[in-house]
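The two complexes that follow have chain A in common; it is paired with chain B in the first and with chain C in the second.
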Partner chain A sequence: MTDTTLSALDTAEIARAYREAKARRAKRSAILKHIFLIITSLIMVYPLLWMLASSLKPDNEIFGDLGLWPSEFQWQNYWAGWNALPVSFTRFFWNSTVVTVLSVIGNVISCSFAAYAFARLEFSGKTLWFALMMMTLMIPYHVVLIPQYLLFLNLGWVDTYLPLIVPRFLAGDAFFIFLMIQFFRQLPRELDEAAMIDGCSPFKIYWAIIMPLSLPAMATAAIFSFIWTWEDFLGPLVYLNDIEDYTVPLALRSFISSDGVSQYGPMFAMSILSILPIILFFIIFQRLIIRGIAMSGLK
Partner chain B sequence: MASVTLSQVRKSYSGFEVVHGVDLAVQSGEFLVLVGPSGCGKSTLLRMIAGLEDITDGTIGIGDRIVNDLPASQRNLSMVFQSYALYPHMSVRKNLAFGLSNLRMPKAEIDRRVAEAARILQINELMDRKPRQLSGGQKQRVAIGRAIVREPQLFLFDEPLSNLDAELRVQMRVELANLYNRLGTTMIYVTHDQTEAMTMATRIAVLNKGNLEQVGTPYELYNSPKNLFVASFIGSPKMNLIKGRATAGDVSLTGFGTLPLSVGTGDVTVGIRPEHLRIGEPGDVTIEGTITLVEYLGSELFVYVALADGQTVLAQAPGHAKHTRGDKVSLGLNGRDAHVFDANGSRIEVPA
Partner chain C sequence: MHKFLKRNFAGYAFLSPWLIGFFFLAIGPILASLYLSFTKYNVVRPPQWIGLDNYFYMFQMDQRFWKALQVTFTFVTVSVPLKLMFALFVAMALDKGIRAIGWYRALFYLPSILGGSIAVAILWRQLFNYDGVINSILRLFGGDGPYWLSDPKYSLWTLIVLAIWQFGSPMLIFLAGLRAIPQELYEAAEIDAAGPVRKFFAITVPLLAPVIFFNLVLQMIEAFKSFSGAFIISGGTGAPLDSLLFFTVYLYNEAFSFLRMGYASALAWVLLLIIAAFTAIAFWTSKYWVHYENERG
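Moving on to the complex of A and B:
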């Protein structure tokens, strides 16, 4: 009798020892992992922190001192920066917002149209058009820059926002089209067929079925489109000449001016402000991605 | 309610023909089941009737209209899909109302029909849920609901029960049969499950490799299959097929014996359903064998019997029978239970 109880106690003891050893091992490896991850994160985020710190430092401290903590907080950098240029940043932010919002809308609508056609409709030469579309993905922007400039010059569009906005409404971005095609393809075709029997035209199928189920893809396209347009420097540089029309990236560049007297503190202050919309937009739309996936119930 | 008439309907995909000239007349108010092994073209045929698939050649008529060029939405039919194809982002109510609102039907009429369908299918408490919150059986009900709110003249079902578990499938089969009795609308139902076909159909059309093999009532198909394919496809477990040779006045079966049947002369195949091989009973022919396997199903036994020449036949016995592996048994067979097929696999009618 004692024999069996003893051995039961023994096994309980052994099990406890194993359990504790395992917990100790897990804890040690967790600590090591976290140390490694924290150090890597600090290295990655250092430039951003440096910029944030520099936006609050006096000008002479920015390049002289690698430390992050300003000797005194120069909050006035933000006020100074906002009005440092002949035109205030209110204007630049407005310009950027107009160009970016219209571009995002244009990209999402036109690219999803094109993607729907490639994914679901039958038309002659579909594979050829698809191949051509994919080829444009491989052409660097800089190759088409000059012909495109000449085109817009002849249209009389240089010095307006049209060259930055109109192409977005013409499904010009093969990357987004491809992204959406892939997403549309994984939606069951029986949904289209059910909708067809329910009396939907191809456009209605797109609008009432495909579009609402593709929120994650749309949100992804919107986020990238927003970031790329907001921080686009080359496009505005080529097409915009009047400082009244400048977008934020162009305006930031104007701080490093020809007269050599650069106001670095205010410039970094404005740089910090310029990335806020991107962060905000990302936070809002990445929720859409998650909600979209949960809502469709497809995953 | 409408009749459906298929004449010489063909379908090919880039030159490869998958449906070879099918002629089929579905009467108004009939429950026709299209059955066949996978890849036989039954779903393609249904999708052509629905208007989801172009017709390569031939005509399809619904009622007195030829519908070859009519889009799916104007054929006045509803379809229930295998995957249910409920719109995932709409509530059950919206799923039901979607097709009606596309027809620009007045709101009051939509509400009335949706409420009616919800009542018939007992899905009232589900109306505000999204499809992902429903179980398989509930989704199936909603899919059927979406079909009946349109009050169509024709229902099409594409293997609607194949995603359900066995118990639910039986339950939904009964409900579908009840629904059919209640609505009386023409229904065309595709399945590969012959139990579904046998239990629900007023008539069954058996398809094989894009050809229509036989159309008839379940009784006709079971008791006088037109050819070897139908004979072996209908009935579970399968019919025993035994090679033989007919001479004047009788048929000698390889390793079996001789049946007194006058079916002309030549090579034949004789089909015998398991329930017609009687263990330990006399018949026109009796033969000895050894039991190799016994499958117990409660109400009956399926007994695999190896004959002297090595071939194995399947016999059915009542559930209370005691048979075990290794037993020597005798099987009795009567000539009137045999189905005889000629060398081409076509049925030879045995004169009574």
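Moving on to the complex of A and C:
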């Protein structure tokens, strides 16, 4: 009788000790993980913080200085950078904004059209077009760049924003079509069917049912489209020659090619301003961005 | 006929922007590029048919073509595995409900978003300058840093580090994949006294294989296409001594600095075939090492 009670107590004791040991081990490993993750985060963010600090340092303090606190804050770097090139950055930011806003609108409209056709409508040849659309996902931009350039050259579009904007209205980015198709397919089909019985046209269904229900997908596409267009360098590099037309990345590039001028502070100041919209977008829309990647494997 | 039209009208109406784009901006240009690759064309005079001469020249005489291939392959084969290993390592540390995961995830992903920007390329140039931050750090540890930007032995490392810095997006995809691995497998392995290394190779790697494979293909294609970092850091030319002559940089220069549109088109086709071949190899070999959950063996 007593024996069995004792052994029951023992088992409970052992089990508790085992659980405690396991919890201690888990805690220790969690602490180690946090140390590793914090160090990694610091290394990841350090270059960006260094750039921010350098944008406020006097020029002679920038190179090789590891510190993140300027000896005195040179706010005039921002003023100097803004006006350092023959054309002021007001113009460059305006140009970038025009190109980006129109590109985002074009992408969302045209890609959602295509995605709606692929996900919800029946028409002959759909399978073939779908396969071709998926194939275009793989084509590197460099391969179509030269013929596209020649086409736009013949149309007289070089040195305008049309080569950067018109393709966006023609659903040029298959990534977004793919992302939207994935989303549209999750919406219940009964909605379309009910609307069809009520006599809604396919456009009405797209506009009044699919689009309002797909705002997260549209927002995700819009955000990525914004970020990629804002950062795009190759497109503007090829199509824009007049400094008046430059977008912000092209303007930044002229900072380093305008030789000999040691304007590191102002250069970093403008670099910081150029990525500021992206960082703000990232902070505001972080959730959507991260879900978008998990959903589609965007870069 | 009327019925046919009616049945297909809506579909093609919605598809029409994409269809126009597909013909004029995708398939049309690809075929035009194939045609141009058999010609000599400098934009001013009409294209002149020269058969396979561009390709003969490329493979037999053009040292810079081989150099560009070598630089690009080195970049892809070094940066992609390092980036993926690091991404997986961090993803595993983040897995299983660690505190503040949202913060870490956001911080690690931020470089992926900014990495392609000119601002970061400019920053990188300064960091790796001989008098720059990287060498200052090396000096703290008593080392003496090389001339990263002007010594062809080291210059590619600046871009490899830049690529690894952007490990955030494969990391997010790994995280999603790790979540899908059933916990019971690890618990069962623990009962069998399997250590962390054993668990990693016996459970994590095989079950994560489809995700690893997906990331591998995606990152390889991205690496082959990368342009602006190499362009900015090398001053647009692939310098020093062509050690940063990425294939895309070479192609850009042939087309838009020297107006050799025919030759550049041939280069573009080689790039397309290389990317297609690598993707095909990745898909083909995947059946030997990728096992999807719902199939056996």
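The definition used in the following text is that the second predicted complex is superposed on the first by the 244 of 299 C-alpha atoms of A that agree within 3 Å, B and C clash if a C-alpha of one lies under 4 Å from a C-alpha of the other, contacts with A are read in each partner's own complex, and residues count from 1 in each chain.
Just so we're on the same page, contacts are C-beta pairs under 8 Å (C-beta built on N, C-alpha and C of every residue); 3 or more make two chains touch, one makes a residue touch a chain.
Fair warning: this is a prediction, and the values are worked out from it, not measured in the lab.
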Task = Could you say whether A:E190 touches chain B, chain C, both of them, or neither, answering first, second, both or neither?
result = first
Task = Answer with first, second, both or neither: which of chain B and chain C does A:L128 touch in the superposed model?
result = neither
Key: First (chain B), second (chain C), both or neither touched by A:P212   = first
Query = Between chain B and chain C, which makes contact with more of the residues in chain A?
reply = C
Inquiry  = For A:L150, using the defined touch cut-off, is the partner it touches chain B, chain C, both, or neither? Pick first, second, both or neither.
reply    = second
Task = Could you tell me which stretches of chain A are touched by chain B in one complex and by chain C in the other?
result = 297-298
Residues on chain A engaged by chain B in the complex (per definition of touch) = 188, 190-191, 193-200, 204, 208-209, 212-213, 295-298
Ask   = What part of chain C is in contact with chain A in the complex they form?
value = 4, 7-8, 10-22, 24-30, 32-33, 36, 43, 90, 93-94, 98-99, 103-114, 116-120, 122-127, 129, 131-133, 135-137, 140, 165, 169, 172-173, 175-176, 214, 218, 221-222, 224-225, 227-228, 231-232, 235-236, 248, 251-252, 255-256, 261, 264-265, 268-269, 271-272, 275-276, 279
Ask   = Touching chain C in the complex: which residues of chain A?
value = 30, 33-34, 36-37, 40-41, 44-45, 47-48, 50-51, 54, 62-66, 109-111, 113-114, 116-118, 121-124, 126, 129, 132-133, 136, 138-151, 153, 167, 169-172, 177, 201-203, 206, 227-228, 231, 233-234, 238, 249, 252-253, 255-257, 264, 267-268, 271-272, 274-275, 278-279, 282, 286, 289-290, 293-294, 297-299
Task = Would you mind writing out the residues of chain B in touch with chain A in their complex?
result = 50-52, 71-73, 77-79, 81-83, 85-89, 98-99, 102-103, 130-132, 146
